[in-house]
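Look at the two complexes coming up: chain A is in both, with chain B in one and chain C in the other.
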Partner chain A sequence: MNRTRTLLKKLAWSIFTILFVIVLNFFLFRVLPGDPARAGVRDPRLKKEAVEMLRVRFGLDKPVINCFESLNPIKLGSCTVNPLDTQFFIYVRNLLQGELGISYHTNRPVADILAERLWNTVLLIGAGQILSIMIGVVFGVFAAWKARTAIDYSAVITSLMAWSLPTFWLAILLLFWGSNNGLPLAGKATPGSSALPLLQQWADIGIHMILPTLTYTIIYMGEYTLIMRSSLMDVLSEDYILTAKAKGLSTFQILKDHALKNAMLPLVTVIAINLGFTVAGAIQIEAVFSWPGLGLAIFEAVGRRDFPVLQGAFVLIAIAVIFANFLADLTYNYLDPRVQTE
Partner chain B sequence: MKHKLLYLLVLAALLLSACGGASSTGTEASPAASGGEAVEAVEPPTTPAVVHIGWAGSPDSLNPGMAILVEAYTILELVYDSMYELNLDGSFTMTLAESVEVSDDGLVYTYKIRDGIKWHDGQPLTAEDISFTYNLYKDTPEYPYMNGYYTPYFESIEATENNEVILTLTEAIPNIESQLVFLYVLPKHIWEGVDKLEYENIEMVGSGPFMMTEYVQSEFIRLTANKEHFATPPKVDEVIFQTFENQDALVQAIKTGQLDMITEMPNTAVKSLKTAENVEVVVGSPLAPGVSDIIFNQTAEENCPKDEGGVCTGHPALRDRDVRLAMAHATDKQKLIDVVLLGLGSPGLTLIPDGLGVWYNDSIKDYEYDAAKANKILDDAGYLDTDSDGVRELPDGSRPLNFRLFWPSDSITAPRMAELLSEMWAEIGVTLEMQAVDPDALTAQCCPAFDFDMMLWGWGSDPDPSALLYVYTTEAIPTGSSETGYSNPAFDELYAQQQTTLDFEARKAIVWEMQKIVHDDVVYIIPYYEQATQAFRTDRFSGWLTGQAKVELSDVSSLVVIEPVK
Partner chain C sequence: METTIKVIEPKNQWADRLLNFWRVFSKSRIGIVGLVMLMVIVLMAIFAPAIAPYDSSSSASVEIDDIYNPPNSVHWFGTDDAGQDVFSNFVFGARVSLTVGFFAAFISIIIGGVTGLVAGYFGGRWENVLMRITDIMLVIPDLPLMVVIVALTQPSLLNIIFVIGLLGWTTTARVVRSQTLAVKSRKFVLRARAVGAGNGHIISRHILPLVMPILVVQGVLVVSLAILNESALSFLGLGDPTALSWGQMLNYAFGRGAMSIGAWWALLFPGFGIVWVVLGLTLLGQGLEQVLNPRLDTHHLLPGRPAIQRGHVESRQAKGALLEVQNLSINYINEGKPAARAVEDVSFTLNKGELIGLVGESGCGKTTLMLSLLRLLPSAGQIVNGRVFFNGQDLTAISDEELNLVRWKEISIVFQGAMNALNPVRTVGDQIAEAIIKHMPAIDHDKLQVRVIELLDLVGIAADHKEQYPHQYSGGMRQRAMIAMALACDPQVIIADEPTTALDVMIQAQILELLDSLRRKLGLAIIFVTHDLGVVAEICDRVLVMYGGVTAEYADVDTIYNEARHPYTQELLKAFPDLTKPKKKLSSIPGYPPRLEALPAGCRFAPRCPAAFDRCHTEQPSLSEIGEMHFASCHLIEASK
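Let's turn to the complex of A and B:
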């Protein structure tokens, strides 16, 4: 009973946060300077009417919200307009219907663009996360168990180095290395591979994933190793581990049954946070390897001042981060029963 | 437990993305191509000759009315035909029509369309399609370029039973070719049934030398050769354009042979690519050349477009030609080219770049770089350093010659140029307050607000000089196209005159005269015209066009003449 109530409370907070982000997100893009309808097309022979048509097409001819015609520059307007005829409420209404507007740049629905990109990012980051978690946990456990030995020190130094590498720099190095070893340097699949049998298509995607996934894994592996190591070392210094040792349990048994589960808690927190940002994609990795994910979509949209795409991506990321944190809360409950009672 | 969950999630993602990939693919080769395929099937199977091209962008839209980016025009150019083809030397060739008759008053053009041209889906292309297309462009004000740009002189377009198109203009114009060259002809049988704004045109049924086979937005485009094209059937079988977000990757990919051609590269890479094996680098002015400009705000109280939000806060000294002239003399253009562009540019004169060929007035003698002369001009004009702080003041001593210099923050070249200019102009007692500004904010500050002293920016040009000459006119001040507030009735007069002068030589003389005027008035300092670079591999395909007046991939000439190396 108590448990359900805690969960419901957390859920309510998550929903409230999402609503807050949705509102903030709208105004964030309205206080940015400039006229998006003009930015894309600055041309001496463009007629005023054509610019006006663009504004109508993107709904920019409507007041931002009651009393405000525009927010940058601040222009007051009528307060008695029908709220449903203002940009803000149109935005909210469309959002509730799953519509995120039309991209200024490609004239395509933002929801379509983001949906295409989301799965590519989930695929890349998913693979990177799994690999880096696995390697990180193994390294971390080894380092903690062999604490203050050569193994520990080399694991810590390697991890620290990997963790502090600039992502784009590592990516470029790997790109040069990969190009000399025949690995594809851009994209998700070989153009034309869609005609191949499904298995070959997957293999093709797999080959394209090698370099970006490797970059991602190296960058995150270090972080997970360090957290796992320090958290496990804390646990290993507890009295009950000493008891377990005294009982004559094997190293493996101590780690598996007694230490690991307790040591996982901090790691889960970090993984949850990272997973949330997964949706944002590793922007730098995607940009270097032209991986058509969400991060690249954001990167491109910033360069082209494609506000609807950015706005949509931000909502998506916010929801993902909040959702991932909610999931982390659930996982704590499972990993550490003490959390429930708090 | 959790790991297992993650694993399942990823597996699901894998499945979904695979499905997504399959459903987002474009049309397979259309039924019309089956004739060609049947012929090929008889020959012994050989590996198709596929040209892999890497570029740093991708089309914004394939709907010709909505497209803005040059990448979109590249694809449109290859898949569609238009009435004229722009050649690399700036001349035009008639393509869809075999002849044209012009009425004596220059108002009615009667094009006889070639018989037997086919769309990629096998339907015949007739005058009907052309008149439908031109009317579509003319009657759709939402098409940003078509309507205001290429069709404003169209009175009516009709198709006759003799496969002729009768184009009637509202006034006689000298440049019908450049008005029609980007009006890609669309198949009526497809376009009459679609929403002309929302239609993404992924399937792209055209008539050009290449057919759209597969398009995955911002990833790649596959085009198959239309071997039955009436004018320029390609010798290769397929062309793939792949998007590389990272220019280093582009360079690396052509070095290692993953690509056969790249359409752009960082200037820093040119040197190393030139020495790479089997790679040839071409440098030249692009077909649609870009112009960099140093802008002086010359608006004053009397010509400030206040109704359009003009505030006109420009430094008064910049309205004085002597000051601008001195700054021009103090600008070492060659140094700017060498440092900012690593040598890949040519010194600029006016907004009409050398890449425009005959329209470019190469008889203008530029202001030589001479700081002493510049200093003398300022001394003579009364701009003296009265308080000996190294900065000159206005003749009345009220304000120092300290100018705000802005540039769009997304410019790669501007910061370096600003730094150099600040050093050069310090020699003549002029100082700068330099600031990179968000491009949107800068547009708002620029025009018609005129809330700046100086800016570094640029223009892309049209094959016809009219578009950029317009920027200098008085008429352009309130519209936001004029960035200087320059106003010269004599120039305006000539502008109107060249628009209606039908005789080529006479029009050219006027256009040359106009460039002379704005150069004399030092309306801008044009530091340079950038050159384009492309590289291609010589070991897989031969016959690349080099040594041309222009470098341009979207011109079909290279892609239709190269052939695989045996």
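Let's turn to the complex of A and C:
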């Protein structure tokens, strides 16, 4: 009963956050000076008709939202306009229909470009997360179990060093390393590999994934090691560990049956909060290895000042992260008995 | 009247604090390493014009042959795509990266600090709104948002500083809020408010000094994040083209063919600079954290210290005794400090079916003594003398594997505070079953379930609570579940460590009755640890009174209650009501038990003893037999003999 209630609350909260992102995105692109569509309208060299055409073409002739004619908050407009005919609601409607505008560079719908890129990013982040979490958990457990020994200290120092690496720089270093070891350096597949049988295609993608995934794993492994270590240290100092020891359980049994689950629970939350940061890593990795994901799309769009793509990528990534956060909350609720029954 | 109170000048106080802080900080090795690493780069940035051999802004003399030269005697770090000296750019790049890092972090810290302080201090609606905003900002991925904003504005240094600063405050706000909440409810804040101090005064004088340290640690972290973010933005092509930061150098080199030419020097050194600074900051942050928020990195699975024996006297267990503790001494080892002598020379015997009470105030070594019997001491604890015999085995000497067979199967423990002694994410039934499976691996599933239900029934818990979690139990139920768990393997001895302390009087009586009846029914021997002589009066056979780690008095229960000789026992007896003597005046002993690191030279009770005389302050009394099975350690008794 209460569990459903918390879930609904979390869901409502996620939806509210998504709405916030949508509104933020709308205003960012209208308040900040860089958008070429609006810059074009202000270009003094254009004739009046041309300006008018541009305004109509980009929907700038419509009021921003009910009661506000333009972004100047003092200059009020009519409140009785059809809300569906204002810039804001047209923007929201388009967004809901999955329409994110047309790329300045390729003239293709942004939604199409991003849709084919999204899964590549999910693939990269997925593989990287699984690996870095697994390695981080193992290292963290060893460090905490062997606390205050050489194993512990070297695990902590290594983790701090991994944490301090700029992602793109590590990617560049691994690029050098890979180029000396014959690994594919760019892209997701060898050109022409689509003619091969499915299994070989997958193997090809797998080989292309090695360097990006390795970079991702090294960068985030350190953080998970530190989190797992401190979480496990906390749990191992609890009284119930002493109870387990008094029961005559072996160290391995205590770790397995009493410490790991308790220590993993906070990790779920941390992984969720971290997702936003890991996206940042993915962007840099994709930029270096030309991995055709959202990050590369952003990198290319920055170079070309392709604003619709940037805008679309931001909204898509933000919504994906919020959604993933919600999923993590669900998982946590499912795993922790204290939440279920409270 | 009031004016005389302020004696310490605040300026001196700050200087003192700073000095004190430095004294502690200088012991943190990684903190010092981090500080040195950071200072090297900061000095390099400040004296950049003196250090750099070339002026980074002039490229007038560059020729086509100068492009991407490998490191040589003229250009230590080689040259870049524009033929410029990488080393000079590296030195000047430190200025840009550090500027962005520090200024952006400054903005973040101010916003995050104020947000957290206001939310934590004022609470209510303020807190709600501010923390909701923080939560939203925390979820939105920051790098994509930074990219969008910087791309839409001009990628200038100022814009980058503001964007990074304005988006990097969320964690600081959270950390500061929780610290403020913790400080807000401290006594001196409540007192200041009670005497009518204004909010501004309380925040600036009481809250801020305690939030500041955390803000500093957080600040160090935020600087490193800002430097990383700046480099990422620059690398993605959003850096200020006129200010050559390390990230910008990497962007140029990577975008202009350094990879294909193999000009590793143009890519290696700037990145190395970033790693150096960020690692320095991270280590500094860790060091500060260790100083400001010291955490003992210890836990229950750290290997214990092996027991040592002072003499080589071959001792053996007395016949007929179930458990015999002989001259047990336990120290806590603190590196760099003298060992704390927590228990010294304690002996007692437990026979089958007997209930012995171990009495004393908190901090008298009772729990240490109990934990040492099964070698459950924290890693700093060490048995420095004495033996624990059980069934002819010396528990201080056998291997861990052998000991694990004795633990719970023969001797089990009812811990104080069953809430924490039970694992919160496993059901109570499951935790009871675990003990049985461990010591009777062959038991089949059905029998196991029957046994668990039987055990719960024994302590008065209905079978349908078996699948529930500890937090669904009431306090008394948890304690009874703990007892059921202790009975799981039919042990011969149960150690009950203050099992009733946290419970209300009614439940206390129930638990006591339960333990007593179980003893009679199952023939258990029980060691009952308590600070309350009244509790054990009815059920104990013998009482051992401990003070400051030593035996004060040891005798059977009637002797203790009627003919107590040690002043400490007498004082303890005065502290509980006796129904047979309704006019008795209750009194408590002034003062506290001695700190184990600073034990008095003579009798440990002497500073609080109403009957202490000269000898008590200089010489430690030894335990002597003053009657049949009646032991006490007191100069007074010896003198009166």
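Keep this in mind: the second predicted complex is superposed on the first by the 277 of 342 C-alpha atoms of A that agree within 3 Å, B and C clash if a C-alpha of one lies under 4 Å from a C-alpha of the other, contacts with A are read in each partner's own complex, and residues count from 1 in each chain.
Criterion: a residue touches a chain if its C-beta (ideal position, glycine included) is under 8 Å from a C-beta of that chain, and two chains touch if they have at least 3 such contacts.
None of the values given here were measured: they were computed from a predicted structure.
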{"item": "Partner chain in contact with A:I130 - chain B first, chain C second, else both or neither", "value": "first"}
{"item": "Touched partner set for A:H105, first chain B, second chain C, both or neither", "value": "first"}
{"item": "Which superposed partner A:T331 touches (first chain B, second chain C, both, neither)", "value": "first"}
{"item": "Touching partner for A:A287 - first (chain B), second (chain C), both, neither", "value": "both"}
{"item": "Touched partner set for A:F299, first chain B, second chain C, both or neither", "value": "both"}
{"item": "Partner chain(s) touched by A:E49 [first = chain B, second = chain C, both, neither]", "value": "first"}
{"item": "Partner chain(s) touched by A:Y240 [first = chain B, second = chain C, both, neither]", "value": "second"}
{"item": "Chain B versus chain C as contact partner of A:A203, first or second or both or neither", "value": "neither"}
{"item": "Which of chain B and chain C A:P184 touches, first, second, both or neither", "value": "first"}
{"item": "Chain B/chain C common contact set on chain A", "value": "32-35, 172, 175-176, 179, 287-288, 299, 303, 305"}
{"item": "Chain C-facing residues of chain A, complex", "value": "13, 17, 20-21, 24, 28-29, 32-35, 144-145, 147-148, 160-161, 163-169, 172-173, 175-176, 179, 233, 236-251, 253-255, 257-258, 261-262, 265, 273, 275-277, 279-280, 283-284, 287-288, 298-299, 302-303, 305, 307, 310-311, 313-314, 317-318, 321-322, 325, 336-338, 341-342"}
{"item": "Of chain A, residues touching chain B in the complex", "value": "32-36, 38-50, 53-54, 57, 105-108, 113, 115-116, 119-120, 122-123, 126-127, 129-130, 133-134, 172, 175-176, 179-180, 182, 184-189, 191-192, 194, 198, 201-202, 205, 268, 286-290, 292, 296, 299-300, 303, 305, 331"}
{"item": "Residue numbers on chain B that touch chain A, as the complex places them", "value": "2-3, 6-7, 9-10, 13-14, 16-18, 20-22, 24-25, 54, 60-61, 63, 66, 68, 141-145, 147-149, 197-198, 200, 214, 216-222, 240, 242-246, 248-249, 252-253, 255-256, 258, 410, 438-441, 443-444, 459, 467-468, 470-471, 476, 479-481"}
{"item": "Residues of chain C defined as touching chain A within the complex", "value": "135-136, 138-145, 147-149, 151-154, 224, 228-229, 231-232, 235-238, 247, 250, 254, 259, 264, 267-268, 271, 274-275, 278-279, 282-283, 286, 297-302, 371, 374, 376, 403-409, 412-413, 415, 417, 420-427, 434-435, 438-439, 469, 471-472"}
